[in-house]
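Here is the structure we will look at, set down as structure tokens.
By letter and in written order, the chains are A, B, C and D; residue numbering begins at 1 in each of them.
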Amino acid sequence: MAPFVHAEPVRFSDIDHAGIVYYPRFFHYFHLAFEELWRARVGPRAYVELLDRDRVGFPVVRATCEFVAPLRFGDTAEIEVSVIKLGGKSITFRYRVFRAADAAQPRAASATGEVVCAVVDLARFVAMPVPERVVALLSDLVEPPHSE
Amino acid sequence: MAPFVHAEPVRFSDIDHAGIVYYPRFFHYFHLAFEELWRARVGPRAYVELLDRDRVGFPVVRATCEFVAPLRFGDTAEIEVSVIKLGGKSITFRYRVFRAADAAQPRAASATGEVVCAVVDLARFVAMPVPERVVALLSDLVEPPHSE
Amino acid sequence: MAPFVHAEPVRFSDIDHAGIVYYPRFFHYFHLAFEELWRARVGPRAYVELLDRDRVGFPVVRATCEFVAPLRFGDTAEIEVSVIKLGGKSITFRYRVFRAADAAQPRAASATGEVVCAVVDLARFVAMPVPERVVALLSDLVEPPHSE
Amino acid sequence: MAPFVHAEPVRFSDIDHAGIVYYPRFFHYFHLAFEELWRARVGPRAYVELLDRDRVGFPVVRATCEFVAPLRFGDTAEIEVSVIKLGGKSITFRYRVFRAADAAQPRAASATGEVVCAVVDLARFVAMPVPERVVALLSDLVEPPHSE
């Protein structure tokens, strides 16, 4: 299993008064990587069509993040997406954020998070099974059991 | 004419890598003051009902801001709202942002902007006259001609 | 033990494409309540002086949130702050977010989170004991053991 | 003269309650394109080193934007950067934002803005001439006189 990876430069405005990336932005980075997964594998309108045309949504039920080392302006965030659990009526994603290697510094772990999404029929606001095409999109990202 | 004033503390996350409020946030401050004008004068659901129930929208046609002095974390932004032009099918707002006085510093000008909004029937996406109740909400905020 | 409460209107820009508050914003709401705790109890420059003058920082080590019901534009978020653990070299905060009661709806739970902060001497980047005045600020917010 | 172009997908969180990109985000898009200009032409740490090592800053003095057509989630913003005035102690940038062409829609203008930056010696907080290497970076982006 190789994770999907999205590289996102830390932006001038991601920084807070302490001079590091504002911690809620890491959850935003998670979401950017999720959006890019759809763009890269299906197309730029794939995710919006799932939501607006097919009326399938992924509301977040639980999100958690452990912070290891801060990111700063000038760094690039590398966000790895994998899937811990894919089945029934929810999906659990794992996101690992790294500071990318550059001329000055080696690659280094920055944060690790988990996000549990429900799968919802937006027309009726009820839970629904994970659609087949979402399973197809994500199946190679499922981590083997007991991996850490 | 006395402007409407909204005080908003500069937030930890409003700061950019240069240690001052990220300049696009000033347009967000303008919008916060606009939202608070509705909340304070009509009620917490006044603006959302205008949009969602009555289907009247105010898309921004032109926005401009002159920046005089930066704001920093610990400062409070005082945002004054007045109206330069109220009539026909558009409204022109003026926003003046000040750093609030505190124990350490006197009140000082930070930025001044103008925002031109169209008035739009959202059901048909066509321009419409400013509704009577919007005129009533804003009429005491209209600046006399030639004021600066 | 009564928690500290900060009320923050959901902003026009807090909404995402799904029409509800973007989930990473909840962690931002947590931070707003934390900032307001300092403002309300000590003063508008209390937190910035702790950081910049006294060089004491609170980097987040772990953050988690369970989402119960979404918030929408027009709602007001009521954010309750309490302390689960205050001691040694870290502080664990609990944040409970509610949709405020209004004419149309009763108060309702929206989300619950926990944020673990280290306490750090920013001049030397090493962990340090929780300063006395921070203990004093927070001690009435400490939840009794076994509370849920 | 060919402008520098940066393509940025509209993000799930760029959307406001009206279902379109929140207008202050356009000024953020301008800044993203400015950051990418440095990254693409010099390197990922070029802009941060100018600020932090060389202590040269570009505070915004005046920003303006005309909005032609909204952007929505699923669209990609193409942001063109050119220079209207490069000389003395300030730089005036022009930013043109387009909705990128895709299978469903042709390319279309969305917004046009101008941003005037001062050039400042951050160590002494005084205006300074545009550094030579900044002139070199930007000189091919200068629009011929009278262009619109």
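Keep in mind that, in the parts below, contacts are C-beta pairs under 8 Å (C-beta built on N, C-alpha and C of every residue); 3 or more make two chains touch, one makes a residue touch a chain.
The structure displayed is predicted, hence computed values, not measured ones.
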* Name the pair in A-D, A-B or C-D that forms the same interface as B-C; by residue number, over half of the contact pairs must coincide. => A-D
* Which one of the chains is farthest from chain C, going by Cα centres? -> D
* Rounded to the nearest whole Å, what is the centre-to-centre distance of chain A and chain B, using the mean of the C-alpha atoms as each centre? -> 35
* Could you state the distance in Å from the CA-based centre of chain B to that of chain D? -> 24
* Structure fact -> For the pair chain A and chain D, the C-alpha centroid-to-centroid distance in angstrom is 28
* On chain C, where are the residues touching two or more other chains? -> 12-13, 17-18, 22, 24, 28, 31, 48, 73
* Asked: In the complex formed with chain D, which residues of chain A make contact?
  -> 9, 11-13, 28, 31-32, 35-36, 39, 44-45, 47-49, 72-74, 76, 102-104
* Structure fact -> chain D contacts chain C in the complex at 12-13, 15-19, 22, 24, 73
* Structure fact -> Per the touch rule above, chain B residues touching chain D in the complex are 17-18, 20, 22-25, 27-28, 31, 48, 51, 57, 59-67, 70
